[in-house]
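Chains: A, B, C and D, in written order; residue numbering restarts at 1 for each.
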Amino acid sequence: MVSSDAKQRMIRRVAREIEAGMTVNLGIGLPTRVIDHVDRDLSVCLHSENGIAGVGPSVTYEQADRNLIDAGGSYVSIQPGTAFFDSAVSFAMVRAGRLDLTILGAFEVAMNGDLANWMIPGLFTPGVGGAMELAQKARRVVIMMTHLDKQGHSKIVRECRLPITASACVNRIYTDLAVIDVDAQGLMLREIAQGISLDEVLAATEAPLQVADNELPTF
Amino acid sequence: MTDKIVDIEAAIAVIGDGATIMIGGFGVPGTPFCLLDELVRQGPKGLTLIKNDANENGMGVDRLLLGNQVKKLIVSHIGLNSNAIKLMNEGRLEVELCPQGILAERIRNAGAGLFGFLTDIGIDTTLAQDKPRFEIDGRKLLLEKPLRADFALIHAAHADPLGNLLYAAAAQNFNPLMAMAAKHVIAETENLTAPGGLSPEAIHTPAPFVDRLVELPGLTEDYGVIRR
Amino acid sequence: MVSSDAKQRMIRRVAREIEAGMTVNLGIGLPTRVIDHVDRDLSVCLHSENGIAGVGPSVTYEQADRNLIDAGGSYVSIQPGTAFFDSAVSFAMVRAGRLDLTILGAFEVAMNGDLANWMIPGLFTPGVGGAMELAQKARRVVIMMTHLDKQGHSKIVRECRLPITASACVNRIYTDLAVIDVDAQGLMLREIAQGISLDEVLAATEAPLQVADNELPTF
Amino acid sequence: MTDKIVDIEAAIAVIGDGATIMIGGFGVPGTPFCLLDELVRQGPKGLTLIKNDANENGMGVDRLLLGNQVKKLIVSHIGLNSNAIKLMNEGRLEVELCPQGILAERIRNAGAGLFGFLTDIGIDTTLAQDKPRFEIDGRKLLLEKPLRADFALIHAAHADPLGNLLYAAAAQNFNPLMAMAAKHVIAETENLTAPGGLSPEAIHTPAPFVDRLVELPGLTEDYGVIRR
């Protein structure tokens, strides 16, 4: 079990991915929570697959507009300058390279950047949604996930065992234990969570990890 | 003026057994719940439905599933409908999964009178298994074929009697695409204004795409905010 | 030279092609003039390739809106219920079969319905515009043209000599001399212009003509 | 807020020799005459232009032709520009003609991040000569490839500083498609409003497609009604 404190630190760390003027898509679940930690003055444009550029903060049921949800079904608000469009335009934006960043959850990430986050055969097949397009076409693909699955196995693997969402698409992995870049040479450990040792990260990671520096920053 | 307005019974009565039907909506916004309920009431069977999702349990598409009216779903996900997942896993419902933007684009491709398009989306995945492959200018690509339908069921916020449609906020989603792609397009609208009442520049679906229009007397609970 | 009287009669006759509730595209030139002879109560939806459904009557320069032209460049008005859209949607409407009728000009029409109206090699190549899509995809394609070209040659030919716009696309031909259907069996003469004899029509037509009736209506 | 507004000189200065440029407009409506005039003033050469038409003599694109800045036009027609026809017939200007809707669709295909589409338009004509042919499900089809560009020059009636755009009447035409299809999209606007000043449902081109925005101090004569 990952402590909510560790999760919070991961979310806050991921929030630093987001820079002024970016157009960003946040995957369903944990990634959506990143936005609460982003400086509002950065004027980030949040894209939602169901046809919104400029998603505003979530709202309560009392404040909700029945026609205004994000792709995860949460009721959201709009901001000055929000635009609505159809699903074809929404994914045109994705495929034509207008998304600077997407932050997605994952079941597994392989050392070459392969991503599996849409299907666990026989167990759970809710569908694919927009995951393939986001993973394949956002200019930068960042994963945030727990380092280990519920059985305690590493989710950072040599090769994906689950059906992949897209191959060699991940640029960076954030977990409750570490920040890891997917480089041409393999996985590069960049940062370690507070209170975690290098040996603990290495032991928790199936795929080989290179260590960027003797003195890794913590988050 | 040629008036496209009909009552809801007549609008749905043209749909027979085995029809392929596109249904607008992404979650609640843009789903034509009243047209779907009438489809449940009239009861045609063996339907193929093309929709982003299968709604949530007890609503919209799920009522067609509960009535055993559906043979096949072509969707991007059914994650919010445990009944649909169960029927699929039991082999009682055929489900074709499409990446969401590819689903949208296949519908639009039909609506644009085209015969397929080339893409690299999903090319390394199991979803690509049965799709024709081409190599064009050194790039490996899949051919995605257009999705056509006999009928489209559309939900609009505003309409005029000619069939011009406007959608509210995130209720646009698949509606304008499906309104282009089906042979016979049936729209329900929350509000009806006289011709000229909609700004010509703001119209999302131009009248020539729409065949029949149903003015809703009011909205059912399904259209409201869902408290989970 | 075709008299303006004969032209007027042709235009009035073509106007009867247009029925209530139709969506119609009128080609540049003579076809545009048909609309002035259509009963306004029929509520015809005029489509213009540049992104208008519901084109209204032409206007004077004084009344003109600089942003409101039809595909031929004429300043037009709008009607209650007009919609504007982009060029991709405009031709989606054409290709997906939402045009009930198009009325086009022609250089040549062949007995099998082949149409040549876009190019005279070496002489005049202004481009193709929307002609190919209109000819291939409108549900009904009607041609209006002078029966003879300026050299006095029949424009209704056995086979097109000019590069074609679309093959086997024409349903009916209106000229200053006759109304001719393109049937599966060939060209069928349906009506004759007032004051013109059957022999005159046959002599003016290169392609073989079948005569629908001994007593042909006149227009 | 990230402001996309720049002055017209800086907006155009990024365009170098040999660039491929999409230009909105169908006749006068939607043509970015001020951006084109600045392109004439700055004078890059060897340009490939993608546009519906070549404007009329003495206006817009024709000024680029007169300045010998253009290598190639990809258009649907040039019938209103006798200078363009003459240059083409003299072999001094390469002209690729596309059926108008296929031109629009090729631009949109690029804008949608796709790699071509299948159509039967023009299949029996000389325009099909060099196009790859496929037979899919018994139907003979042409492969039309996407048209991509380095730059798009767009004319909007209304905009906000984020880059959301609205077009007037028939000035929409190719503008929204081109705004999706070029690597770097430069829009000029007649009116600029604060963010939130445009109805989110009425926006034609959403801000993420637009890179730079020029606020026009006024319109030149070219934008006006042409008396022939």
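The definition used in the following text is that a contact is a pair of C-beta atoms (placed from the backbone, for glycine too) under 8 Å apart; a residue touches a chain by one contact, two chains touch by 3 or more.
What you see is a predicted model, and the numbers here were worked out from it, not measured in a lab.
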Graph separation of chain B and chain D (steps between touching chains): 1
Chain separated most widely from chain B, comparing mean CA positions: C
Pair joined by the larger number of C-beta contacts - B-C, A-B: A-B
For chain B paired with chain C, centre-to-centre distance based on mean C-alpha positions, whole Å: 36
Between chain A and chain C, centroid-to-centroid distance (C-alpha), Å: 57
For chain C paired with chain D, centre-to-centre distance based on mean C-alpha positions, whole Å: 29
In chain D, residues with contacts to at least two other chains: 105, 108, 112-114, 119-120, 167-169, 172, 200-201, 204
Multi-chain contact sites of chain C, meaning residues that touch two or more partners: 78, 84-85, 88, 91-92, 94-95, 137
Those chain pairs that satisfy the touch definition: A-B, A-D, B-C, B-D, C-D
Sites on chain D touched by chain B in the complex: 105, 109, 112-120, 132, 136, 139, 141, 143, 145, 166-169, 172, 199-202, 204
For the chain B and chain C complex, residues of the former touching the latter: 1-2, 108, 110-114, 160, 162, 164, 180-181, 194-196, 198, 200-201, 203, 206-209
Of chain C, residues touching chain B in the complex: 20-21, 23, 43, 45, 47, 53-54, 78-85, 88-89, 91-99, 137
Chain D partner contacts - residues on chain C that touch it in the complex: 48-52, 61, 64-71, 73, 75, 78, 84-88, 90-92, 94-95, 119, 125-133, 136-137, 163-167
Chain A partner contacts - residues on chain B that touch it in the complex: 26-30, 52-53, 75-80, 85, 88-89, 97-105, 107-108, 119-122, 124-127, 157, 167-177, 204, 223-227
